[in-house]
Amino acid sequence: MKKMGTVPIFHLRKRLFEALKEDIGSGDITSEALISERSVSSAIFLAKENGILCGLPFALEALRLLDPNLQWEIQRFDGASLEPGVTIARITGSTRAILSGERVALNILCRLSGIATLTAKFVKLVQGTGAKILDTRKTTPLWRDLEKYAVRTGGGTNHRMGLYDMVLVKDNHIRACGGIREALRKARERVRPGVKVEIEVTTSLQFQEALKEQADWIMLDNMPVEEMSRCAKAGKGKAILEASGGINEKNIRAVAETGVDFVSLGALTHSVKALDISLELEEN
Amino acid sequence: MKKMGTVPIFHLRKRLFEALKEDIGSGDITSEALISERSVSSAIFLAKENGILCGLPFALEALRLLDPNLQWEIQRFDGASLEPGVTIARITGSTRAILSGERVALNILCRLSGIATLTAKFVKLVQGTGAKILDTRKTTPLWRDLEKYAVRTGGGTNHRMGLYDMVLVKDNHIRACGGIREALRKARERVRPGVKVEIEVTTSLQFQEALKEQADWIMLDNMPVEEMSRCAKAGKGKAILEASGGINEKNIRAVAETGVDFVSLGALTHSVKALDISLELEEN
Amino acid sequence: MKKMGTVPIFHLRKRLFEALKEDIGSGDITSEALISERSVSSAIFLAKENGILCGLPFALEALRLLDPNLQWEIQRFDGASLEPGVTIARITGSTRAILSGERVALNILCRLSGIATLTAKFVKLVQGTGAKILDTRKTTPLWRDLEKYAVRTGGGTNHRMGLYDMVLVKDNHIRACGGIREALRKARERVRPGVKVEIEVTTSLQFQEALKEQADWIMLDNMPVEEMSRCAKAGKGKAILEASGGINEKNIRAVAETGVDFVSLGALTHSVKALDISLELEEN
Amino acid sequence: MKKMGTVPIFHLRKRLFEALKEDIGSGDITSEALISERSVSSAIFLAKENGILCGLPFALEALRLLDPNLQWEIQRFDGASLEPGVTIARITGSTRAILSGERVALNILCRLSGIATLTAKFVKLVQGTGAKILDTRKTTPLWRDLEKYAVRTGGGTNHRMGLYDMVLVKDNHIRACGGIREALRKARERVRPGVKVEIEVTTSLQFQEALKEQADWIMLDNMPVEEMSRCAKAGKGKAILEASGGINEKNIRAVAETGVDFVSLGALTHSVKALDISLELEEN
Amino acid sequence: MKKMGTVPIFHLRKRLFEALKEDIGSGDITSEALISERSVSSAIFLAKENGILCGLPFALEALRLLDPNLQWEIQRFDGASLEPGVTIARITGSTRAILSGERVALNILCRLSGIATLTAKFVKLVQGTGAKILDTRKTTPLWRDLEKYAVRTGGGTNHRMGLYDMVLVKDNHIRACGGIREALRKARERVRPGVKVEIEVTTSLQFQEALKEQADWIMLDNMPVEEMSRCAKAGKGKAILEASGGINEKNIRAVAETGVDFVSLGALTHSVKALDISLELEEN
Amino acid sequence: MKKMGTVPIFHLRKRLFEALKEDIGSGDITSEALISERSVSSAIFLAKENGILCGLPFALEALRLLDPNLQWEIQRFDGASLEPGVTIARITGSTRAILSGERVALNILCRLSGIATLTAKFVKLVQGTGAKILDTRKTTPLWRDLEKYAVRTGGGTNHRMGLYDMVLVKDNHIRACGGIREALRKARERVRPGVKVEIEVTTSLQFQEALKEQADWIMLDNMPVEEMSRCAKAGKGKAILEASGGINEKNIRAVAETGVDFVSLGALTHSVKALDISLELEEN
């Protein structure tokens, strides 16, 4: 999937503002005590390890909320590869604003870069198989749009954005409905026509039934690789096929080679190592 | 540090509501299509791996925002050890509400339990040394209070809550002020008397100066273990001493044995593996 | 489309609260001056003309925000046919609350019932043709979810909920992209796989191109009925077909008989006559 | 009533922002996929039928929230007469912003212009009688200020803005108070002196009592035209007189000729046909 | 003016919540450390000096936001006279909630009681003259409704609630309009008919002009007492007359005896001594 | 304490906006009727009595929210001494904006200047004693940050900002804990190490116990001056000492001379006389 541009700042300003308030509260007493209100500084965002950059526009916007006149020169854009020592961007503005906003800016930047970096790693592992890396709804509450953007930045593909834009019939729904057939028929009948319908299956038998009921998309959940291969062969061209459950660095290649269209991983967003990036004030 | 109770729900309701809106958006179309509005179910929160439970009251509150009549029996409280197969709590309420709120509830519960589990691991590693595990401000924006609670739940101690409740003079501040002495004097002079003053030092020389200027608290940042030991000896009883920077599972014991009061780790909150917990609908 | 239940109150409370504040402002000075704070009354929602009821739960919730102890007996549920003199529901509660909330409750109820009534009229006009009535995004800002619910209540089908859950390539997009083929290919390439792609065409030629590029859904915009018939024949089973543009009570039957799957009408929500319903206090 | 200028943007920004969020949600996936982030276009607001323009500043502001650098040239101002083919304004800015905000801008513009057009029609029908057209509180929740502005734009006069700025004693209040005399006395005694007091009457007898108790304003509700004439004669110069209830295009002239000061119509805002205006992207 | 009941809690909850957040921030660390989450206590609101009680329902509501199960017995209602040692109310609930909410509850209660007490003092000073005490818009931002309620509770009368519910033409407006006559005519012509028009005059000459132009209400601003007397005689029955400017405990009686209807004082709300009321935990 | 700069506008904008909405509501009908939308004026903030200026940046910001192009020249900055007739600042901008925002701007400015003026008076009374003036949490809900800034502007020192940044063990807490020793030990054990611990004592005995338990800060509440002197002597250098309770203009010098570090006064913020400042439109 080609990148679709960043999340519009329009959607973000309120959350960034709340994030700054969370940290600054009744005032950044250190900066207010030590730094003159009129002091102006330059600073750089500096990469400290290898990875993929993601979230720079949001980090800059957080700082700009504190200093509307902040200036910047960007040297690496979202999606760029980083290595230790690379200068990502240079900013100039109110020293107090920079120091007061630094932590919020970095907390966002390091986490999103961590997600992009992890995604890129998995993308590389499946390269050449035709399968694509898919994310899940296992994101940090209130930051899903940014985290799904980080997945795209790392070369991954987004699954549905939320409960509102696609049907995904899971185990629990199937049981409550009396079976795959009933669930898929109800879904078709009641859901608006613009919506695709996915269903989760765990066996070949269930897979056949889902295929017969013309599910748009079938998730093969925690299925052995061989069974997955058979399903992939049977379903190719009839439905979108997604492998899911228990997938990791070791087994992902084998899963991707079964012929599924997508491999989905919750870990892309729920178990992330922040990428090490720092903000360094420059000597005047 | 003894646990101080959970974060009052009073502080949380708005964020939980926004988190549910983020996921549900214009409607959980799967549940609305497949599940009767009147259907009632029981479900359990089920542990899938070893760890420390944290965040259950918030997960339950998220579900209760969707079904104000939700009932629950709690079998494991926050702070309890989990192992695969342990039932954490059983809930009964609107099936739609449970299925629509499940992901938000789990996203919170799994992350906080991951933080508590990671903290407990480090707490164990320093056991007997007298040093305590301290968190940082490297938390997820908008969720700091919960993440700091998770650190407490895992046996860690909280550093300052934000920029507003303690002075921490860092490298950049020192430079902008013309030195440690100047920074500490300005801080004393201008900050309200209720506030403690911490300063970051990287060398013994700086440490001596900070001690002389009667800093309440000194952070030894990225200091070699031997140098740290000497500082710890010199500073014992005169200031709170905190080791910080580049600390990991391998070196933490050695650091803790230097005699510092605290060892702080950003990774406790910025690089967390979610603990595997699921919500399982029970057969009627 | 079977009704999917009402919009959950969860999504509505804030807007109802703001709507009450808009009307009540610094206080309902008439009721505060004339009615005792302790006075309790019964009142009925009374139909004054023929139509389809819609919005009762929201009207009741608005009143309940002013009197949390409000009691009600519902005699007609959303979707019911009304005629002059029919009692819809009887409420009992604080007289002040009832009188202060009456107008907001009725403004919602009368408009939504107007939409349901208008939709039902069009649904009846196409009965037996196989075509379904579809709404648009021409809704009242901030009330789209309720208005789309009213369309469902009247027997109509919802098109996409917003710009986020389906692609609809319109005239302007086509031009900006360099043609139908380019637009559809870009959409496929860049949009997440869970999303259906619709395109607007105005001629048979464009229709052929859209069909060839495998659009999921094609809108025949302002097309003469005969041309529409030919397209419908050619496209049946290959794409969802929607007639749109300049459709009214007089020509809708002919349009529906062309074999299209859907007929969409902006007027369902942008040009609505409120249904006449009143709230009558009962003598004690 | 002379026009008092538009509703200050100050009051509107939050609602426009929420309206955009309602439509755009997690992203305008069509524009993001098809239109370059850097593309700039011109577009015109184009009238498609006869009517009175209203709401242009709000439509432009909605678009400016998405593109702060949007430029415009206005060719018709609010209150101007429109006919098919008239260019209302030309805008230039981010193509994505224009396409993403188009629907919200038009939904506001077409409804407000519809209200102004309908009001102007009634104003014309009573021309020369001395009576003025008055609106009611039967407005769309959350948009009353704009809708009352649209009534002014069409040449109408505003009744009270809400429950807070005038007393209007209605049928239900009278009953609960034990009569017109009691209600008016209580109102005088308890309401702050800056507030005018209106009362609704349905018979000449009630009218006499209201006049005797020195109501500032008397509403003649659903009264036969001859009885209204007698009341108007009796009350001229003693109180403001308002005709209300069951008034339409056919009977309004006769009502206006009775000598009342105002004729009020709920339909001005509750049963409106949107005026047909479109936004057309111009070829580059 | 008879009391019109308290400000509905409906209008207040959000502000009380924000006020609690302002004080509690990231947590009431004292109570959390010292008081068990399960501890329950009784406490009393205790008067420490003479005055008029005002604001009890809001103080209780603030506490109830922290403990929804809080119980209370009210012994003195708003408007009651207090003397040192009087128990106002006894509450029982979560000890933590009571201690965490105490300061916000008292800050509201002591200020509103201070306003009511001050108002009552001025009301007494003009007793028997026929003049009434009027407040102004010189209130604490965000708390005007409560402060105006406190004025009513002390026996005063409210002037307009804000800029929206009455016209008050002041010095600056007159100058900008070219004179009293022009200002009053423009106001009549452009303002909706439900609104009363007041004008500020400083000389007899201006007063005559305002009277001639039929102002509903005339404010005699900073006028010598004798001149005020002459105006009052001339204007009686033709307009509402209000004395304003530089009025204090010493001169108010003389001003009131001129025959004006109202005497307005900014000090009622802008220069208030808080009434001393405390919250005392009872021994278990 | 040296001034730490003003409260960042970042923290204020939302409250200023709400304050303007409170006053302007559905519109400033006087200015809209009388003043042309295009009229531009100059105006000055004019001191009418002696005092200390405080709050000018917030007053200007309130006006700027109504006219983003407002210009100003500041002639007196916060902290300056005022006397009658002094021009504080000259502003130029939309006449409507200036008149609509005047009252909110002045309500803030006059109150904050009143606080600064009162504080300065007490600061002067203790001059030379070494004691400093301290504020309390008895502030106006929702405006604490500004009021504490006004105390600083008047030369006072801030106590804790809220319940979150310092422990203050009061009478009620001690009782609930079983004594001073228990309370202080629990506090030490459970509160994060960055926080100082204050305790309130009323007798020498309690004072000795608090000292022994190494409280950081001890409040001598309502203690006779001689006893206070003895405590001050005993505690000097071991803990911060604060005198509190029943302190006024008459006794403050004696209290300050006991040798305590701080004297705290609730009256600084709870019983304030607004400073008389007006806004005067200049002749064009």
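When the chains are written out, they are named A, B, C, D, E and F in that same order, and each has its own residue count from 1.
Assume a contact is a pair of C-beta atoms (placed from the backbone, for glycine too) under 8 Å apart; a residue touches a chain by one contact, two chains touch by 3 or more.
All values reported here derive from a predicted model rather than from experimental measurement.
Contacts with chain A and chain F are shared by B, C, D, E.
Between chain D and chain F, two chains of identical sequence, the interface residue sets overlap only in part, with shared numbers making up under half of the total. Our note on geometry: chain C versus chain D, Cα centroid distance of 22 Å, whole angstroms. Mean C-alpha positions place chain D and chain E at a centre distance of 34 Å. Rounded to whole angstrom, the centroid-to-centroid distance between chain B and chain D, based on C-alpha atoms, equals 53 Å. For chain F, the set of residues that touch two or more other chains comprises 4, 24-27, 29, 32-33, 161-162, 164-166, 189-190, 192, 195. Taken as a graph of touching chains, this assembly is fully connected, with contact between every pair of chains.
Those residues of chain F whose C-beta lies close enough to touch chain C in the complex are 25-26.
Put simply, chain F touches chain D in their complex at residues 20-21, 24-27, 29, 32-33, 37, 65-66. Residues 1-2, 4, 157-161, 164-166, 189-190, 192-196, 198, 217, 240, 261-262 of chain D are the ones touching chain E in the complex. On the side of chain C, the complex with chain D involves touching residues 15, 18-19, 22-35, 39, 41, 95, 99-100, 103-104, 106-108, 110-111, 114, 137-144, 161-170, 172-173, 175-177, 183, 186-187, 189-192, 195, 266, 270-274, 280-281, 283.
On the chain F side of its complex with chain A, the touching residues are 4-5, 7-8, 10-11, 145, 161-162, 164-165.
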